[in-house]
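Once you scroll down, you'll see the structures, which are given as structure tokens.
Here come two complexes built around subunit A, the first alongside subunit B, the second alongside subunit C.
What follows is the complex of A and B.
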């Protein structure tokens, strides 16, 4: 197994760091999958993380000037590592002014992802800083847990309101209740509701627009076609999970949408130019 | 004792105090004998930016009869701010070090080290500095094996030509606290002076100094001694709880380290020390203390560095003590300001 990637462009380095920082705010540990063309950060929905799952996909060519990898075997040309994204984020944060940054898989006292940066210096030689981030290799037998999630059979798909606004609303609601109901319909309306013994609060969003999924939607058994556009599909979720998702977003995505499977799961999708992020929050009783 | 600090030097004094406050809670003032002044002295020099704009001079006076140290700030528009601080007598402690005999000497602008420590997360407690003929490596120190498999290891390599002076006679590797280093670097950078670093074998303190015509600052940091198996030996200070000291110190921290002092070791300051009037007190050889301390702490966290209070800072005037200054007539002044500290500075 070998991996070596090099980033020279300062904007790419900055962008890559911000993606890693976003991931680090979403989860403490996750699995990093490396293929010849892509990088994936995957969190599989388990009881321990409240059933939340995440899939983040980057095209390596958009970030790395050089990218070489050799997977476990030629048949399975992939590397799967369990990482703590916060360490990676810290390592990248301080080297934003580097001339170049290399990320490689190394074996030190244990398998590590080594971030090595060449920094500007006063002398003829560059200053080199290396960060060895310990990782764990995920055995092939477990790879099936980290596959790309399939698009759920959703009832409603809707564009999200500005994430910052959502975050402000959710932050305040969190003070009142542990659970929040997210509901939306095919007329571009979304409500965020909380209800306690003393008070109920609802924030209404209108004219959000509904993405058309093209053929997939129209062939979808007619269920969505014949759906009453005013009918709300709702999911009751743990408010902290939604808040955690919103807190991590540092950059406005080019597209932000949400698929709701009634009383089952909220599927959030953020698309940026070079990276896509999917986040699943399950319903709570 | 009375002294007057004028103009821009007030800012330097303030910055020194801020820097020291990042290292310890107690400030030892040593004109002719030692005092111990608690952290309230930092509030006297709270806002460096405001001080710079408003304070013309600072008058420091010791009133032994009343056990009082008075700071009087002469500000613009005839405003006088007087701070009366109480102090406690304490024994004079001397750090035993002879930086001029150290094997390795480096000199650089503090910015170089500031740019180095920025790569370490704030959670990193100790760093290890290793030197060879042409290079200096700085990396974070990880305590035990278990942490090693989880912790991120960061290492920075500096080439000798990044330094103004780089003289290595012995290849050593020393480990000391990063927090204190950050504090002293902030001060050193603000002086605009070159920082000198004296490095010897593990166990010997590392000394960092800034010097100019009116100021000499020596920051002496204890380093981990080489022998990690020392705790297996029998002990001099058996308990983790140190018995109370003979003197009436009020602060537990001072108690514990004073008691750990091995009084059999404590030669006077070596002849090589410059004859400056040092303003701060110190303690005995860090390595001795460290060894003693490790016995008592073996139950606790293994290879911890000695209590972080054990740092000594020397600030001295390099001017020879002038008989005139000590006999300067002091204009009698009424104390105009009360003891209560006003948050807002009048401008």
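What follows is the complex of A and C.
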């Protein structure tokens, strides 16, 4: 297995750094998958993380000037590593001002992602900084746990309101309740609701718009067309999971959407120019 | 205003309907008295009074006159109820309590009467949040029996001068001692020593200084420290003591729109100390 990448553009470096920082706010550890064309950060929904799962996809060419990898075998030309994104994020932050940054898979006392950069310095000699971020190789036998999630058979798909507004409201709601109900309909309306013995609070978002996925069902006027546009699909979630998702978002995405499978799962999709992020929050009883 | 799109029928059921273009004009005042979870709301045609008490020794009141509100409709002479103040503040600040200029949350606060929740409609940027907060049987607020005729000493000064003292108060001191002679003195006696803040009656900051009798009284620090929030908001403060040593602090607060509201704190002196006469 080999991997070697180089970033020379400062904007690409900052962008990459921000993506890793966002991932680090969403989860403590995740799996990083490297293919010739892409990088994926994957969290598979397990009981230990409350069933939340995440899929983040980057096209390597949008970030790396050089990108060479050799996977486990020619048949499975991929590398799968378990990584702590916070460590990678910290390493990248220290080399923000570098002229170029190299990331490579190395073996020190254990497998590592080594981040090496040449930093400008006041003297004529530049400083070389190296960070070894320990990683664990994920064996081939477990790769099936980290596949791209399939689009759920959703009841409602809707564009999200401004994430900052959502975050402000969810932050306050968290003081009042542990659980939140997220509901939306095909008329562009979304409500966030909490209810306890002491208080009930409902925030109403209107005119959000519903994305048309152009899938077979809607094209031939199938099941989704016959759904009452006012009918709400709802999911009751652990409010901390939703808050965690919102806390991590540092940059406004170009598109932010949410698919709701009634009483089952909330599927959040954020699209930036060169990164896409999907986050699944399961329903709680 | 979007909030008034409620049906006429709904409106008729409320015995109290108040609205504010800027919810901060209410939430800031309530924050200044929020040292306990519960608050009693007393509403009359004159306006709203919110009362918070602790240990039967300290009481804070925030007064918002009817004309501060953009709408103030009351169908009875006196309406009282109790709500969880912490919850109310979270609701009033549901959109994050942003302090940036130009962004404000509009509020409509309604009440149907005994047994019904306090209903809030909050709107910011086209997004509406509806809150229903359960109300409780109000506890009768204590009457500290503090009347102007019994006032021994009265000092009115600019809040600016007291703010520094209050922000630095030695919290290891169990008591805050207030002495009024020909100056006002705040003293603390903490684990590392004592501290005194003196305000001369001739100081520029002093607007009124009336001392009938030298007095030294001590008050529990834990009871008075919360008044710092009210002091921070205010521009002027009046310090009065009566013959029993009871303390009345009255704060003049200007809200975001420059309108005047009042907050007052009453506090019993600590019984262990004898008064100097």
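The rule is simple: the second predicted complex is superposed on the first by the 276 of 285 C-alpha atoms of A that agree within 3 Å, B and C clash if a C-alpha of one lies under 4 Å from a C-alpha of the other, contacts with A are read in each partner's own complex, and residues count from 1 in each chain.
FYI, contacts are C-beta pairs under 8 Å (C-beta built on N, C-alpha and C of every residue); 3 or more make two chains touch, one makes a residue touch a chain.
Every value quoted in this text rests on a predicted model; they were computed, and no experiment measured them.
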First, second, both or neither for A:204, with subunit B first and subunit C second: second
First, second, both or neither for A:161, with subunit B first and subunit C second: second
Which superposed partner A:175 touches (first subunit B, second subunit C, both, neither): second
Touching partner for A:91 - first (subunit B), second (subunit C), both, neither: first
Residues of subunit A contacting subunit B in one complex and subunit C in the other: none
Residue ranges of subunit A touching subunit C (in the complex, touch as defined): 161, 165, 168-169, 171-173, 175-176, 197-207
Complex interface listing, subunit A residues touching subunit B: 87, 90-91, 94-95, 108-110, 112, 121-125, 127-134
Interface residues, subunit B side, partner subunit A - complex: 112, 118-119, 121, 148-159, 161-162
Partner subunit A, residues of subunit C touching it in the complex: 84, 86-87, 90-91, 93-96, 98, 117, 125-134
